[in-house]
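Dropping the structures in below, format is structure tokens.
Look for chain A in each of the two complexes below; its partner is chain B in the first and chain C in the second.
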Partner chain A sequence: MLETDRNQLHKLVEEALPELDMVIGWGQSTDSFQTTPVFVRDAKQISQLTLGPFCSQNLTGYLVKPPALDAAPKEGAKPIGICVKGCDSRSLVALIQEKFLTRERVRIFGIPCRGTVDWNKVGKLVDLSNVKSATVEEDVLVVDDSQTTHRIKLEEVLARKCYGCRYPNPLIQDVTIGEPATPRSTSIESSYRDVDRLDAKPLEERLDFWQSELDRCIRCYACRNACPLCVCQDKCIIESREPRWLTQRVGIPEKFLFHFIHAMHLAGRCTGCGECERACPMDIPVTLIKEKLNKIMEERLGYSAGLDVEAVPPLLTFNPGDTEI
Partner chain B sequence: MRIGVFVCSCGTNIAGTVDTKRVASEALSFADVVYATNYMYTCSEPGQQEIQKAITEHGLQGVVVAACSPRMHEPTFRRAVEKAGLNRYMFEMANIREHVSWIGTDKEANTRKALDLVRMAVAKLRFNAPLFSSKAPVNKRLLVIGGGVAGIQAALDCAEGGMDVVMVERKQYIGGKMAKLDKTFPTIDCSSCILGPKMVDVSQNEKITLYAASQIESINGYIGNFTVDIRKKATYVNWDACTGCGACVEKCPSKKAEDYFNEGLGQARAINIPFPQAIPKKAAIDAQFCRQLNGKKCGVCAKICPVKAIDFEMKDTIVTEKVGAIIVATGYDLFDYSVYGEYGGGRYPDVISGIQYERILSASGPFGGHIRRPSDGREPKDIVFISCVGSRDASVGRPYCSGICCMYIAKQAILTKDHMPESNSYVFYMDIRSPGKNYDEFVRRAQEEYGVQYIRGRVGKIYQRGDRMVVQGADTLLGVQVEVEADLVVLATGVESSSGAGELAEKLRISYDQYGFYMESHPKLRPVETNTAGVYLAGACQGPKDIPSSVAQGSAAASKVQSLFAHDTIETNPQVALVNERNCIACGKCIQVCPFGAIQWKELRGGIKKAEVLQTVCQGCGVCNATCPPKAIQLQHATDNQILAEVNELCA
Partner chain C sequence: MAVKIFIATDQLDSVLEKLATKIDLWIPALLKEDKSGPTGFIPYEPGKSPVFERQTTLPTKKLLLPQVETLLRFEYKKDPEGGSTSSIVVDDARQVRPTLVFGARSCDVRALITMDRVFSQGPYVDPYYVERRKNTFFATLVCEQNDSKCFCSSVGGGPADMEGSHLKIVKLDEGYVVEALTKEAGSLLEGLGEAVDKAKDTKAGKIVKEASKRIVGDLDTKGCAEAFRNRFAQNDFWVQMVSQCLSCGVCTYVCPTCYCFTITDETQNLKGERMRSWDSCMFSQYTLEASGHNPRPTKLERYRNRVGHKFSYIPEKYEGILGCCGCGRCIRSCPVTIDIRQVVGNLKENSNEQ
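The block that comes next holds the complex of A and B.
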């Protein structure tokens, strides 16, 4: 099935490429199992494009982040093609809502998603440094580490975000590749199980949890850089001296403040794509902080980010009569 | 920075529960503090001179006064430091009275808290920078919202002073509640005889532009320069042509329209001029009842109208007016008597409200000034008045006294006796509140000369017996239950805030209390000002009020406007948002959230976009600053660095 979908993607990209500036998609990385972003400008590159459960990256950040593509392109500029999964498409919606992109600026190749692999999880079962090949057979991940062939159920090694995913199919797209996927979750309750599990613990335990998690943070800002909606770039308040919110001191208070400022700046904007957590080299569940805020947004304000291009995020408007804030 | 700290004892107000001497001496150890002292009354003239002397002698560059709320005396001290050569924004105030001495009695704890507040003020001051006002021109036109007696008085006073006035009235006519009254207490002079000429003055004064049947759509701008959009509601009659001849009203076949002016006691035509002295005397169609507008064949009015003023296609229109000041005189509404189910208001036709009785008494009312029962048109003999219906009753959410009911009941009882010498009037009351000039004498006259029977006690129940009403209540002075059979019961419905008061307040950006009455700036010393500069209050929109007080407030608000308009320019407030263009990422979120439309795009060379604050429109609320992710937009005098400095001190 993957093969058929890949061929369809190649065919559709080939047809569209002459009208496009480029197509951003996933390609095989050098280590034989992970994918890497590829920027297809030439028909010869099309064969590099791939899809499937290894394509974990949310590519939409490349549309607004450096090496920046102009948010306001020059007149007559060709649109950019981009491959998106369900979760990635919500980032596009949010970026369009906030006018960082126009809908016409992008040609969207929508790819229904059955979950992406979290290699950190696989790494706990397999020595990733010796992997010869990794393939997917139906719902089984087959990894050959040159000694044994491991057969791992895909469902056991998916990214954390995938288990509560309500939108596996792109919400905004020009073409679809393959059959629609079935959502793993259909309700608020089943989408925020990790948040609920943590919330059920007493305050001290929660504090301990976050202290031990965030203590590992090295403030590399990979989470921030990976987030497609963290659009401040080199103006980020975290590194600003004027105003000076944070010093460069390495301490838990500074790490807390950084992560909570990051989360607050995404309140009502975060689409839960999980890029921050995927990018974290220290394996900190940083998306969980945003998930908590997302849950509050849904429960209190009935708002979920990245679903509707026309909607106004509740914290990006001012209504004096609002009784919920 | 060289900082001086002045700790006020405020007599014993602060010194009673705060060790002000210790606060001063410990403040000397704070960073940059080179001088600190304690004074009995820092706001007094010698107190201010003390500050000025210290500025010169110790070369102070910034001053902290630890005293009362900045609400009252911050301007005082700013002026004082300015006179001594400092910029007025190199001053900070720590509130150790309302926030400390008045709320706790533990002197040790209070002193610690006072020290914390002073430490925070010093920390903030270290990040202060001189700020400078600019000047903005004053548009010397006034907007009066509401055409009741308070608004009329304000408009006439200002027009008299040569100012252009725009009056907006939501109803089809001006005059407000007073226009519905028959006589007024305590002089029993005819309401329309004293109000009528003022209404005529409004319509004839060239300085006054009247928009009746109109509402405020939106208000933007600031003191001296407001832009107001007014929605002129479709009346389906071209008022420029209408002469008020009334031919259309006479011929209108739809005779079952709601008679709002007569409080539902009669029925009006779908096209109507509410009362003979109405200003403006123009007809308007009630779309709900008009046959033509409801798809039936009619158009009688259009055929009969001699000047062809009827326009069934008319739509609401928006007109824009620019003004420099606004007087809000939107008045009040009356409590819904049906809330008290036990009184049967709304269920029994002969249980009516005070304002309905007022219409019955009026010669222009539904019965031509003859007292009749609504049920059968019979003249009543026994009439019971019940006071405090929706006043002084926390159980219906109206714990306040409406202030006017005791008086209007006495008036109505006197008038009843005048109309029908054989009648008997009874008044059930809780207390009699008559604290006005000649008011108490008036109530006594009702009791002594007119034989009105006052029964002190609450009514428990009203029910029908035959064609009469039985009023059951307690006489708490005699300690007995009483039962009075009456032909007519008048419920003295209390005052509540005008419908839509809250929405208008949001548009005006003025505050209102839990009952919807607008908040004055200071309950004693700034009674007609609001906390939004350039917006003033008059009449019952601020709280229940009788006619003399409403008129007095109308004149008071007018005098405030006149003193504002005596200047050609006003100083703008420099405590507004400012964009640091270097940090602005042009995300536009500030533009999206600004409640005042004070931020716009600015294009730099090369088409680079940045946000820009319109200094004169910005109200300094700080929503943009809270929203801006890289904090490129900063509220002057409350910058992130200043607030962080305070927080750091508090957490240190």
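The block that comes next holds the complex of A and C.
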């Protein structure tokens, strides 16, 4: 099935490429199993493109982060092609809502997603240091470490965000590759299980949890830079030196402050793509902070980010007659 | 005769406990209760087991170059008689204690050869670094866990390279053979462990011999300094190599060799501290000039600088040594799987094409 889908992707990209500036997709990295973003400008590069459960990166950030692309299109500029999974498509919707992009600027190759692999989880079952190859056969991940062939159910090693995913199929697209996927979750309750589990604990325990998790943060800002909606880029308040808002110190309070500033700037904007958590080298569940905010947004304001290009995010508008706040 | 001891696996904790009474002891350990989770070096505590089975996520760098350190404290004192005049009281905050890192790897220690050239061999000598360096000792594991991201042999090191180490650790099935490589280190081992019998000594010797023969990595770094210069202005090359970079600081923060820092004064009222903290060439502030101009405005110039610094500027300035120890951490931690070996390897291919 993956093979058929990949061929279809190659064919569609080949047809579209002459009209496009480039196509952003996933390709094989130097590693036998991890993918890396590729920028296809030439038909010769099309064969590099791949899809499937290893394609974890959300590529939409590249549309607004220079210099890979020119975000402000010049007269007559060709559109940019981009491959998106369900969650990635929501980031794209949010970027269009916030006017970082126009819909016409992108040609969207939509890929229904059956979940992406979290290699940290695979690492608990297999020693990843000597993996020779990894492939997917239907719903099984086959990992060969040169001594043994491990067969792992994909369902056991997916990224945390995938278990609560309500939108595996792209919400915005020009073409679809493959069959639609079935959502793993259909309700607010089942989408925010991890938030509820943590919320059920007493305050002290929650504080301990976050202190010990955030203590590992090295302030490398991978979470921020991987986030497609962290659009301030080089003007980030965390690094600003004039004025200097935050100290250089690396105590838990400073790390707390950074992560909560990051989360608050995403309130009502975060689409839950999980890139911040995936990018973290220290295995900190940073998306969980944003999930809590997303849950509040859904429950209080009935709003979920990145679903509708026409919708106005509630925190990006105001109603002078509002008596509820 | 070099001091050599054997520590049985079940005796390791008690030996480390004794060792910790002689010197501040740091070990590689889990940073999260998860056996495959992130690891780094932490101060030893009884009962805390060292992780020797794999390379740590974070290197030993912070022991010599802390992520943040106070260089000095200052306080302005107003002269009650003198009106607007005030004096400044400066207090050097240094406090360095002898420290032993038990379970470093040759790549971690190799990185210090580069750091030493920068911080301690002039023209500018950094007293903070020098004092810590003098007081930090490394017990280094003969490495048997190299993986597909490791390339220490390509940059002048190797899995059994002991240059710069003070003690050598060889892991056997039944325990550890620890050998002092300097006289001072020998005294640390006094009264610890058991004597090494012939059988164990032979076994350890065999492991070291095999590790010494192992070639880890196949990156050819010969001529990379010149190749980089030829590639410098080829924008297309850098677009092709690093368009996927996110411009975050992971690669520089997990790197044992990256030593760039920034200095800031943080003041409250009349008191303040001058602090030095890690900087990263991936950040825009790194080269932002006072005028507002930034000579490295995008990730392309920033990543190019990372490659150039490690494989061209450092070797040209310091007799051929590289600014890379081949540990592979930047490759493992990169959220978009950029492989520095690929970039450096491609520097040479058709380097004069354009």
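Just so we're on the same page, the second predicted complex is superposed on the first by the 319 of 325 C-alpha atoms of A that agree within 3 Å, B and C clash if a C-alpha of one lies under 4 Å from a C-alpha of the other, contacts with A are read in each partner's own complex, and residues count from 1 in each chain.
The rule we apply is simple: contacts are C-beta pairs under 8 Å (C-beta built on N, C-alpha and C of every residue); 3 or more make two chains touch, one makes a residue touch a chain.
Note that the coordinates shown come from a computational prediction; the quantities given were computed from them, not determined experimentally.
J.: In the superposed model on chain A, is it clash or fit for chain B and chain C?
T.: Partners fit side by side after overlay.
J.: After the superposition on A, what does A:Arg244 contact: first (chain B), second (chain C), both or neither?
T.: In the superposition, A:Arg244 touches chain B and chain C alike.
J.: Given the touch rule stated above, what does A:Thr149 touch, chain B (first), chain C (second), both, or neither?
T.: neither
J.: Quick check for you: in the superposed arrangement, does A:Gln211 touch first (chain B), second (chain C), both or neither?
T.: Neither partner.
J.: Check the residue A:Thr182 against both partner chains and state whether it touches chain B (first), chain C (second), both, or neither.
T.: It touches nothing on chain B or chain C.
J.: Return first, second, both or neither, reflecting whether A:His265 touches chain B, chain C, both chains, or no partner chain.
T.: A:His265 sits against chain B, while chain C stays out of touch.
J.: Once the shared chain is lined up, is A:Pro281 touching chain B (first), chain C (second), both, or neither of them?
T.: Second partner only.
J.: Tell me which partner touches more residues of chain A in the superposed arrangement, chain B or chain C.
T.: Larger number of chain A residues touched: C.
J.: Once chain A of both complexes is superposed, is A:Thr4 in touch with chain B (first), chain C (second), both, or neither?
T.: After superposing on A, A:Thr4 lies clear of both chain B and chain C.
J.: Now for A:Lys99: first (chain B), second (chain C), both, or neither, which partner does it touch?
T.: first
J.: Rounded to a whole Å, what is the shortest Cα gap between chain B and chain C in the overlaid structures?
T.: 5
J.: List the residues of chain A that touch chain B in one complex and chain C in the other.
T.: 233, 244
J.: Under the stated contact criterion, what part of chain C meets chain A in this complex?
T.: My answer: residues 31-32, 34-38, 54, 57-58, 67-68, 145, 147-149, 239, 243-244, 246-250, 252-254, 262, 264, 266, 275, 277, 280, 283-285, 288, 298-300, 331, 333, 335-339, 341-342.
J.: Spell out the residues on chain A that touch chain C in their complex, using ranges where they run on.
T.: My answer: residues 29-32, 34-39, 57, 61-62, 65-68, 120, 123-124, 128-131, 213, 216, 218-222, 224-226, 233-234, 239, 241, 244, 247-250, 275, 278-279, 281-283.
J.: For chain B, which residues count as touching chain A in their complex?
T.: Within the complex, chain B touches chain A at residues 502-503, 506, 509, 580, 583-585, 587-589, 592-595, 607, 623, 627, 629-632, 634, 639-641, 644.
J.: Which residues of chain A touch chain B in their complex?
T.: 72, 98-100, 231-233, 235-237, 240, 242-245, 265, 312, 315-318, 320-321
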